Amino acid sequence: MKLKDVLSPLRVWERAAKKPMTIKDPINDRPGAVNYRGFHKNDFSKCIGCGSCEEICQNDAIDLVPVEGQETVEGDSGLRPMIDYGRCCWCALCVDVCPTGALTMSNEYTWIADNPEDYRFVPGADKTAWQDSEKGYTRSPDIQILDYERVDMQELEPEERDKSFIEIVKGYNKEQAMKEAERCLECGLCIATCPAHMDIPGYIAAIRDDDIDNALRILYETNPMPEICGRICTHKCETVCALHNNGDPLAIRWLKRYIVDQVPADKYSEILGTDHLEDEVLNRKVAIIGAGPAGLSAAYYLAIMGYKTKVYEALPDPGGMVRYGIPEYRLPYDQIDKDIDYIRSLGVEIQFNTRVGTDITLEELHGSYDAVFAGTGLHLGRSTRVPGADNKRVYFATDLLREVTLGNEIDVAENIVVIGGGNVAMDITRTLARLQNLKYGKVQVLATCLEAEDIMPADVEEVVEAREENAVIDPGWGPKEIEIRDGKVYGLHVVKCLSVFDENGRFSPKFDEDQKKFFKADMVVESIGQGMDLSYLSEGIKSDLKFSPRGRIEVDDSFQSSLQWLFVGGDIIQGPDVIHGIANGYIAAKGIDTYLNKK
Amino acid sequence: MEQLVKRINGMIHLKAYNRQRDDLFFITVEKSQLELVLSHLKNNEGFTHLAFLQAVDFLEDSKFQLTYMLYNYDIRVNLGVKVLIARDKAEMTSIHKLWAHAWQYQRELHELFGINFPGSPRVEESFVLEGWEEMPPMRRDFDTKEYSERTFYQRPGRSTNDPKEYMKEKMYKNYAASPRIRRDDE
Amino acid sequence: MSNLSESKYRGYEADRSKYPRMENGKPVIDLESHMYTKLWQGPQHPGVTGNMAVELIVNGDEIVDAKTHMGYLHRAFEKLMERRRYIQCFPLVCRICVPEPDTNEYCVSAAMEDLAGIQVPERALWLRTLNLEMSRIGSYLMWLGGQAGSLGMGAIGQWTIGMRDFWLDLFEEMTGGRVYHMYMIPGGVRKTLPEGFRDRARELIVTTRKLLYDVENTFLSNAIIKSRLQGLGVISPEMVDEYGIVGPNARASGMEHDIRINNPYVKYGELDVKMLTSTVGDAYARAELRYRDLHQSLDLVTEILNRIPQDGPIQADMPNLLNWKIPAGQTYVKAESTRGEHGFYMVSDGSDKPRRVFARGASYTHAISVLEELAVNISISDLAGLMVSLHTCPPEIER
Amino acid sequence: MSIWTKVLYAFVSVSVATVYGLTLSGIVRKLYARVHGRFGPPVWQPFLDIIQTYSRRVAVSHGNMFFLGPVFRLAGGLGTYLFIPVIFGSALFSNFSMAGDLLLVMYFVFFGQLGMALGAGQGGHPYSPLGIARGLSQMSAFEVPFSLAVIAVAIQYNSLNITSIVAAQQGGFMHWTLLTNPLAVIAAMISMLGMNMHAPFSIVLAPQEIPIGPPVEMNSSFLSLLQTNRGLFAAAKLVLFMNLFFGGATTLVEMILKTFFIYMFSVFVGAAYPRFRPEQSFRFFLKWPAFIGVLSIIYITYLGGAS
């Protein structure tokens, strides 16, 4: 035993003179660190109630509960997370996963309450002292739990595509589709927004599990035209995708296309279990006017319910606006045929080149069928009615597109101006660009519209792609006059459009007459909307039908008109877009079933 | 490492060999030859450190996989020796004479997986689960959730909503499901 | 000194006339003979590290048989992980060891990355190294207090636990949590260093060194400490392999093995880690070794702070972790915790949940086989000191 | 002086001593805290502890002897204190000092522990007997140097009456036993380390080994009795040491100052060391302190220390 070892320990007393290490009043003197994982906060203006926090919580500490004042709307379930602090372990995974960044934590770490139930609370709804605290844990922008980047879609190069009508989008391969499907949160917010309420997370999960058959079954639950939808659907679902708050929404449309592209047409009936439908045929007949999405959708569901259906179509091929309104480079005809052929294979009969109202009257149909569904679509163009619009070299986009599909020659001019900024305008612009390219070897087509660039109704990618194909898009101008020289179109005069809608959101454009522009053109195409052709309704029927103030036929929830035997759906009721048409057809089919069973 | 594998393969039949990392290898051997391989590795090849002995339940194949993780201090390499044994009446030779701490892994496996190691000291004693009457809990077919629901009670008053179902209820309740088409799982 | 051939579990019978008779590796205790008393140290006992119990058979103050009992904090993490997605495992594993949770976090993330073939970015690796080394400091400080406290010297315990709290303050700034940091997610880390962190850390290193100077004067150079720790719990070099002894316990007995040097992980390969060893193998040698290792950790943290890149990604490009599936495979990832080799053995079957996760804690052998062996023949007053000198941590045993 | 006055005085004296002892232990806690780098609890914390434990319901009880244990312990403290004259020349604080009171006090120092041993033994907890064995063994061990020192003092002053021992030391610090018989004081002070049970001799309570030892089963009012005794007994022991070795006190202030510094000796050592193993502790007392004690007797008897 060394003396040093005996005496040296007495130096502990040196510490007695020093300032103690502890803090007298830790709760007040020592706040949590700036990014401390304290108690939860929730910013209701951002939260969409997607439930990702509940999904990732490994402790089952989070419940989704309805909260007063939070309405269930498209893109927001109205549910909010309730956290059970008896279970929470403050790992903050819920904060990291939150796709909107609404859920965060404060650096508060003391909370005293008498009632244990208080510790189960809805951050943001229940008043807490830390709700507005600036400090606390938030997701670092450098990390991600979810994958916010979409798998790029392979497309044809602009140089290749503007010479032909070959489909631009190549579609996902299996690896890409699996990777994209992996991004899905399975929150299901999209389902409510989809007009057909397709089980989107369901079929995406099926892609992840590589169970394409099941995925196809899920598609056909409410949508008998997945090839068509997989290409040209307006994908409202993607606008409410939870991932969209922080990055790219899931490519739901392309995934749907991926599913159907994998299945050959001859496997459909086997996979969907429709190979023995003829055993269950009922002795009931339904007539359908128009072989468009609405009509065929109704026909499909009526057919699998056992009804005999017959479709009357004015044009020589099925598909309606899907075929005659959408150019081939977006939706190849063989893909339309794939969907429709399957529907026809179920016993749906289509009589082409038969226009109801002229070749056969609606009354006749009523006489020989138990019910009639009309999905006649919007085939008429609308005119700007500016001076000169009545010239023969001023066309409607719908007419031109129909002519292209029918294979008729179009007299394409060297200089063309398109009026309109919607998807149809883009379709006709790009179609004309291709035709010009084939005819003259160069593109001189210009599209102009009232709306400024940022509020153009067309899809952004449509505009971008049109420009890639050398078409000029010059938005923000209102047409003033089509100048006619010697009976020929000379060009279009436009003035600057300042705003399109008034304070109440009604259409009421305001112009600045001083800012003028002139687009030289030999040919003008108007694409500012479509109108319905209800000429097949005889006067007698028209007088029995109820119309809304805006001129549409009034229908109830199941698309039954005031004439009980007549169901109406599709673009003439809702839309215009294909998915509404499909959804209408589906509901109408159910409605017809109910109506006929009651009868 | 390849040479070592060759040497062992000369001695016994090696069922599989794979390299996971530069310092981690796995070999799979026959159940009957395990003791031989291990003592060879320990005494002649320098794999003197037994890091652990653990089991993996491959319920689908009705097999347990036992992994003996060895380490060689000289070449600084981990070698996992894998053995597949039958799952029902699982039994394995004890290696408590090779390593003095092996018995406790074997005792743990006996309790948590129900694998017996005849001759291993104190193998019958309970390890962490005194008074446990269910099946060995680390087996895959032991359902923890079912057990806890049976044994404990939930905090009352908790209920949650699926956003999908909730939105359907609120927004499109009358949108009926499709006729005839049925999914796999229904 | 414990002799291998006397080991209880090897089937040999040595001269144990003073001790209870052995049968099948179990001592036969006749409590009716009034020669022995059965005494439970724990599970509630201030001298026991964490929640475990040692069942002692004592003859007077002398322990003639010891048996470790576990099961007082079994939380079935390994089983729970089998029912959770990979990302959901990560809040669980840190709870396997309170004083040093980061090693678990590192191992489980690294095992997932190894199986999924993910490369962690450079900056994240440095941040992980910093985190791991800081947690080693925290753990050693806690241990130092425990070792002094177990011998009844409260002052050192208060100092070092107090100092550890300053390190926890740094952790709080860095990770958002004090005890359970939950910092290393698969693919990287969760946060970058906050502003001013380096300066505060450097300041704290200076303060810690001052405290360690005091500790050296009052703890290592303390006649009574020496009289109690020297010769206590001697681990012979032969025991090291036989019992799977790792870490400082093995190094104090002359085993030159430190995973940071021998199988470098994260950024340890680029750091100058020295092999610290001793040849005595008793509790005092272990204490001294840990003390030196603590100084080395402070050196390493200083160096890491100088070398951490200021920018760059902190997470690899990861898929949606909610649906993350890892290809089938098996791996074993280990790291040097303050108690020695800490490893995770992970088996994936290609689904989104692990098939099997096994946490190999160093205490597993230290607290059972080794403790039971070394406890025999010592006084019950030394048991707490022995247990702490082996740096046992019960949650590692019952994961 | 009537017996009733004496009883009244004794009551006052006991109260003052208890309050003083408890305050002292509060101060010591504060000091330890500063060494630990803490602020520590308030000085009055020991009083709060007593009130707190006393207000608790009795949770565990083990029979009559168990009940009597703390009572014996308090009786020991009370007995020790009541026969020590606290302040020289003060009627109020002279207690029941009488001829031969030193012997009685020496007996009472033991008595409490013995009584406690009986009570705690009935508790049935294995740590109790372990603690008792340790306590009694250590007491026997430190009693050797202490008794030797006391014998040396008795021989030196040729008296077994504390009052007269104090009286003999009056007239300046040159007359204190500390200077007249330093060896005895050294032996006694070392044994006081054991008596006060601060580290390194804290083997009886030893929380890390046999958590709290004898009183392990004690709760509520039993514990509050023990805590009260701890204050009183500490004061009694300190006063005894002051009287025997440091010239006693003539005023309350002097008493407080002297006893405080005597106590600080234990605290000073206690903060710096860990605990001995029991056998180390026993051996320690039986070696050097006992030897010094013997030396002090030899010094006093044969080398002319005694005048």
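To keep things simple, chains are lettered A, B, C and D as they appear, and every chain counts its residues starting from 1.
By definition in this document, contacts are C-beta pairs under 8 Å (C-beta built on N, C-alpha and C of every residue); 3 or more make two chains touch, one makes a residue touch a chain.
Please read all numbers here as calculations on a predicted model, not as lab measurements.
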Centre-most chain [mean C-alpha coordinates]: C
Interface with more contacting C-beta pairs, comparing A-D to A-C: A-C
Rounded Å distance, subunit A centre to subunit D centre (Cα mean): 88
Centre-of-Cα separation between subunit D and subunit B, whole angstrom: 62
Euclidean distance of C-alpha centroids - subunit A vs subunit C, Å: 55
Inter-centroid spacing, subunit D versus subunit C (mean Cα positions, whole Å): 43
Residues of subunit A touching at least two other chains: 9, 11-12, 15, 21-22
Shared-contact residues (touching 2 or more other chains) in subunit D: 35-38, 271-273
Which chain pairs touch, all of them: A-B, A-C, A-D, B-C, C-D
Residue ranges of subunit B in contact with subunit C within the complex: 20-21, 23-24, 26, 48-52, 54, 56-57, 65, 67, 69, 73, 76, 78, 80, 96-97, 99-101, 103-104, 121-122, 126-130, 137-138, 140, 142, 144-145
List of subunit C residues in touch with subunit D within their complex: 37, 39, 45-47, 61, 148-155, 158-159, 162, 218, 222-225, 227-228, 379-384
Residue ranges of subunit C touching subunit B (in the complex, touch as defined): 4, 7-11, 24-26, 70-71, 74, 76, 78-80, 82-83, 114, 239, 241-244, 246, 255, 257, 262-263, 329-332, 334, 341, 343, 345, 347, 355-356, 358, 360, 364-365, 368-370, 373, 398
Complex interface listing, subunit A residues touching subunit D: 9-13, 15-16, 18, 20-22, 24
Touching residues on subunit D, where the partner in the complex is subunit A: 31, 33-39, 268-269, 271-273
